[in-house]
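Pasting a structure here, questions to come.
First chain written, first letter: the chains are A, B, C, D, E, F, G, H, I and J, and each begins at residue 1.
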Amino acid sequence: MDKLAMTDAIVTAKIEQKLSWEKIGTDLGVSPVWLTSACLGMNSASPEIAKKIVDYLALSPEVATALEAYPTKVWDQQVPTDPLIYRLYEVVGVYGETLKEVIQEKFGDGIMSAIDFSMEVDKIEDPKGDRVLLTLNGKFLPYKSW
Amino acid sequence: MDKLAMTDAIVTAKIEQKLSWEKIGTDLGVSPVWLTSACLGMNSASPEIAKKIVDYLALSPEVATALEAYPTKVWDQQVPTDPLIYRLYEVVGVYGETLKEVIQEKFGDGIMSAIDFSMEVDKIEDPKGDRVLLTLNGKFLPYKSW
Amino acid sequence: MDKLAMTDAIVTAKIEQKLSWEKIGTDLGVSPVWLTSACLGMNSASPEIAKKIVDYLALSPEVATALEAYPTKVWDQQVPTDPLIYRLYEVVGVYGETLKEVIQEKFGDGIMSAIDFSMEVDKIEDPKGDRVLLTLNGKFLPYKSW
Amino acid sequence: MDKLAMTDAIVTAKIEQKLSWEKIGTDLGVSPVWLTSACLGMNSASPEIAKKIVDYLALSPEVATALEAYPTKVWDQQVPTDPLIYRLYEVVGVYGETLKEVIQEKFGDGIMSAIDFSMEVDKIEDPKGDRVLLTLNGKFLPYKSW
Amino acid sequence: MDKLAMTDAIVTAKIEQKLSWEKIGTDLGVSPVWLTSACLGMNSASPEIAKKIVDYLALSPEVATALEAYPTKVWDQQVPTDPLIYRLYEVVGVYGETLKEVIQEKFGDGIMSAIDFSMEVDKIEDPKGDRVLLTLNGKFLPYKSW
Amino acid sequence: MDKLAMTDAIVTAKIEQKLSWEKIGTDLGVSPVWLTSACLGMNSASPEIAKKIVDYLALSPEVATALEAYPTKVWDQQVPTDPLIYRLYEVVGVYGETLKEVIQEKFGDGIMSAIDFSMEVDKIEDPKGDRVLLTLNGKFLPYKSW
Amino acid sequence: MDKLAMTDAIVTAKIEQKLSWEKIGTDLGVSPVWLTSACLGMNSASPEIAKKIVDYLALSPEVATALEAYPTKVWDQQVPTDPLIYRLYEVVGVYGETLKEVIQEKFGDGIMSAIDFSMEVDKIEDPKGDRVLLTLNGKFLPYKSW
Amino acid sequence: MDKLAMTDAIVTAKIEQKLSWEKIGTDLGVSPVWLTSACLGMNSASPEIAKKIVDYLALSPEVATALEAYPTKVWDQQVPTDPLIYRLYEVVGVYGETLKEVIQEKFGDGIMSAIDFSMEVDKIEDPKGDRVLLTLNGKFLPYKSW
Amino acid sequence: MDKLAMTDAIVTAKIEQKLSWEKIGTDLGVSPVWLTSACLGMNSASPEIAKKIVDYLALSPEVATALEAYPTKVWDQQVPTDPLIYRLYEVVGVYGETLKEVIQEKFGDGIMSAIDFSMEVDKIEDPKGDRVLLTLNGKFLPYKSW
Amino acid sequence: MDKLAMTDAIVTAKIEQKLSWEKIGTDLGVSPVWLTSACLGMNSASPEIAKKIVDYLALSPEVATALEAYPTKVWDQQVPTDPLIYRLYEVVGVYGETLKEVIQEKFGDGIMSAIDFSMEVDKIEDPKGDRVLLTLNGKFLPYKSW
């Protein structure tokens, strides 16, 4: 079973059981963002978590094996078209150099890791329109000379 | 004076006066991230803030006028090469569909605005390696039928 | 049922019943432009409107469920080839900077939303050749500092 | 004098004389949108209108000659980055096929001309946020067999 | 029946009946170039002509319906590879600016329509090698101010 | 003197002497289309014609030398943006395969040369709108086996 | 039978009968390079040669018909990845301008035809490593004025 | 002195002294093709040959130093536009897979080197039109396992 | 059996028999890196090694034939998205010119062959985090004049 | 002084003093590869090393300041053209998936860091042709769930 079939199986079960990523993640004690990325095939799960996910959704062990597989991460490198994803891309375009200035001023020459990394999504209720709060947390990796 | 000359003037003054974006922003009561983006020419400043910036850095009124101008936001749409900015782009590529799933599950069909939007950078000290914390805060805009 | 199958079902029913987007939209009390975009899979419908559409066309409830699903909006980002769509793209190319000048002169630094947005198509009869009238109506979103 | 120098001369005069495109267009009896596009070098002016513009702004006859020149219309064909122009491009991407369906249903096989064409921008005041109204008006050109 | 299946049906019948585009067009009183483009799916036929074509080739009424459908014109926008088509593309590249100069000198600021347009192919016999004669005939559309 | 400086010199002289490509070509006994392409730097002139052109326009012998030089033909391979040139490109896109069918039906497997080639532009006056007539004339080159 | 199926049939027969392009070409009295290109679908064969090929390989007459068909020549225009083909592409990149200089110095303004063209591959044995000898032979086509 | 200035100096001297690449190469005992590529900056010359070239053309020792420098080989990777170079590129596109078949049939799995490589251009006079003969000679490099 | 089916057969057998590339390579006396590339279809195996591989994995002789076939090496030339492969690509981008400087300083004008080439991967255990050691070993090929 | 001017100053001094990257690096106790990358502007130097470099080459303190600046790493993302760099790129294309298989088999799901990274170049003398040995050494970074 490849990652695509795995995602189909999980998403079908989630819809039939009227579950949300939020609820599955919270019930299993993992971040809903990470859980979603693993179920969409963009991260691998440890054997323990993979088993928890298939038990929770009553899926076959093959799904667990697919969740454990190390993914090849692929996306379309053209400019994203979906408006939600484009706005994130626009933020990187508009603020990318700003973030380089501010992060390297605070930390020195280096980068924020996208591997030793986590991310959360929160909802801030607001009478003028609710707000989305994205929090990205990545280890700083300094360049070294040799 | 166009935005490029404005950025040169500001960055030169900042280096000569041994200032940081952090200190200028804090002293003027604006976010260092927003301040940096305005000084790099990616946002316009109100007349009041523009005046504060040039007074603080002892620059000419022309710089204030350039800070007030509405920018045309331009970046190179090829995949970014600088490693710090690439890692941000990679996060959008790896987690873009995940964020669409999680945000629309929480908020309904719509997007996170990149216009009614703010962002902060914090440093979390950690003996295993300090961590970068990026916080993005954007208004949720729902789609409507008509 | 995914959006592609939904569009096939709707378009087939529309042709068999000799209906037009104009008539369906008017009879259901929604804009024919919005109706068309929802039926082509580029917008989601509320449960009420989705039900109205499938009742009107005598289609299955699965089609209603597909109409309610939040779409991932995708189009080919190469320059459009179909002459009707290319002419619209050409208008954005030729007049994009003009519109930026005129809109920001009238409204300040900001954008016209493509989310809080509607659009209509009208026909103006003219003995020298009928004319197409497109009306785009979007909320102005001002940039803010923070 | 080429179109770039012409635009510089006109924009400088407009800023010094604290004029707006709206006021210049209205005073000269032409649409502010068309006026802006001619002054940005994307349309040619008739000798009469070119003279009116340079007289109004007290510029040299060379500027009038440049306004009369037939432009080579050029824009960057990558996806636009400025958020105001991107939103217009997004509208063409999201609604291009919808407009093809609706226009050809109303008019038959053909296109909306971008040559025999005009466009207006209006502001609709609204307590929940002002709205931008764009009106595009183009002659319908039917395909013919031969 | 979509345009691809329609083209297959027509081309198969044409080969089996040992016909040429030239003969079909001449017998039906339409230009062989236009006929070919309609049969390849790049133009729509009127109901009368569509009926004539299917009667001539003894095909089903479904083919006529497909011939009447308004096509979405699509081609691959990379540089064409087939040498015959590349040479036409090369002519546009080498002579595009020349044609702009010469046409606008003769007609004023405007374009040659590709919609109100016809084209013919003729063979000029020549002992040094036969020659291809392409004739393009398009309505001139002048730009207007507004 | 390179081709760019040559074109500048010729175009300046042509404007000052209020000449047209049509008149220069006709007076010198060469096609105005070919003359324009040589003066824009896309074809080389024989020493005789180069001399005639500089004598006619009272330019220096250096211009003649530049006219004789063999050009490197360069154009921007993105989709053309100027509407006049785009319409020509659109014709190749829409009718390229049609022309391949019709030409190879008439001539066999091979191409129309863009090297042993000529082209003319004519104006057909018409009360419903004048028409542009482009005539392309290229030698047919058959493929050979070996 | 299209060209792809034709190539499959020929290559399968060639492998089963343990033949080489070299042997087939030599036995049939045509160049092995041309024979290979026709069998890969990049050139059309005359009815005589097409018959010889299918007789030699004991294939059906449909294969002969497919060999006679005029091909649409298509290749992927990205930079070639296979190292053997990339090295040829690299030669054009590194030596393209050199060849333009040397050929036009010898022949005048014009090109080497890729249509009236043949090519051979030979092996030169050498104790320091065998060498590949490619010979390209194309008619020179001079540009003409008109 | 960089390679660009070097090429300018050499080409200017060559034109003033009415020399050809053919003559310079033959007089100096090197291939005219290689000589041209070195003078255009695409190959480095040994100190002996570099000295011979500058002595022959009466140029400064700086030119010799620039000829000895190891070049960074750069070309525009878009499809070439100049018709002479495009035809070479077309040959690689049309015959690339054919050459892979024929070379690997003769030599085994490997490539023709573009480094241990030479090339010649010859003219074959022919009453039906002279022919260009290009000869490429490259060492075969076999792949190895390890 | 083509290379894709071959890879599927080998990878399935490897997983079922709980083998690693490391173990297969070591047991067969070939480098695990080379073995992996041959099994993924990017290199051809000699008949001896191909037989060893299928015997070891108990696969059919067809798999051996596919392993012997000369591959057409293809990869997607967009910037790689998978983070592991992107980091290798980033190293070439950041250090490509550095390596050109250092290698040509040591060896003269020429290249490191990617054909007469081998590569190894080693693991260096380290309490601060294990390290990956990649060793590339390629023959130096000097440019020659001719 | 920006990085470009810094590189010019360093390379000029290095040539005038007949130094090599090898010697400078060895004398200063840093890797010649790292030293070259810092001098080409692709890495920042610590204040101590920057001072050592300018003292060694007798350059101004401004060069040291430029060496300390955090670089924005930029390269052209088209496929590299220079043959030495292309071969490195080809290795990533041909062996990228192989390296992913082998590294992740040895280390688990994760990547080789290009930040906590070093690289060396060595020469292996060989009578059949010297060999280039590249050694890349990067920290393994495992993915984590959260």
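Observations on the model:
Definition applied: a residue touches a chain if its C-beta (ideal position, glycine included) is under 8 Å from a C-beta of that chain, and two chains touch if they have at least 3 such contacts.
Values in this document were obtained by computation on a predicted structure and should not be read as measured data.
Here the chain-to-chain distance from subunit A to subunit I, counted in touching steps, is 1. Seen as a C-alpha superposition, subunit B sits on subunit I after a turn of 180°, to the nearest 5. Each chain gets a centre from the mean of its Cα atoms; for subunit C and subunit G, those two points are 50 Å apart.
With each centre defined as the average position of its C-alpha atoms, the distance from subunit D to subunit F rounds to 31 Å. In subunit E, 72-73, 75, 77, 79, 81-83, 90, 93-94, 97, 100, 104, 110-111, 113-116, 141 are the positions where the chain touches two or more neighbouring chains simultaneously. Working note: touching chain pairs come out as A-B, A-C, A-D, A-I, A-J, B-C, B-D, B-I, B-J, C-D, C-E, C-F, D-E, D-F, E-F, E-G, E-H, F-G, F-H, G-H, G-I, G-J, H-I, H-J, I-J. Subunit E contributes residues 20-22, 32-33, 36-37, 40, 42, 73, 75, 77, 79-80, 82-85, 87-107, 110-114, 116-117, 119, 121, 123-124, 126, 128-141 to its touches with subunit F in the complex. If you check the complex, the residues on subunit E that touch subunit D are 30-31, 34, 38, 43-46, 49, 70, 72, 97, 100, 104, 108-111, 113, 115-116, 118, 141-146.
Residue ranges on subunit G touching subunit E, taken from their complex, read 72-75, 77, 114-115. The touching residues of subunit H, counted against subunit E in their complex, run 79, 81, 83, 86, 90, 93-94. The touching residues of subunit B, counted against subunit J in their complex, run 78-79, 81-83.
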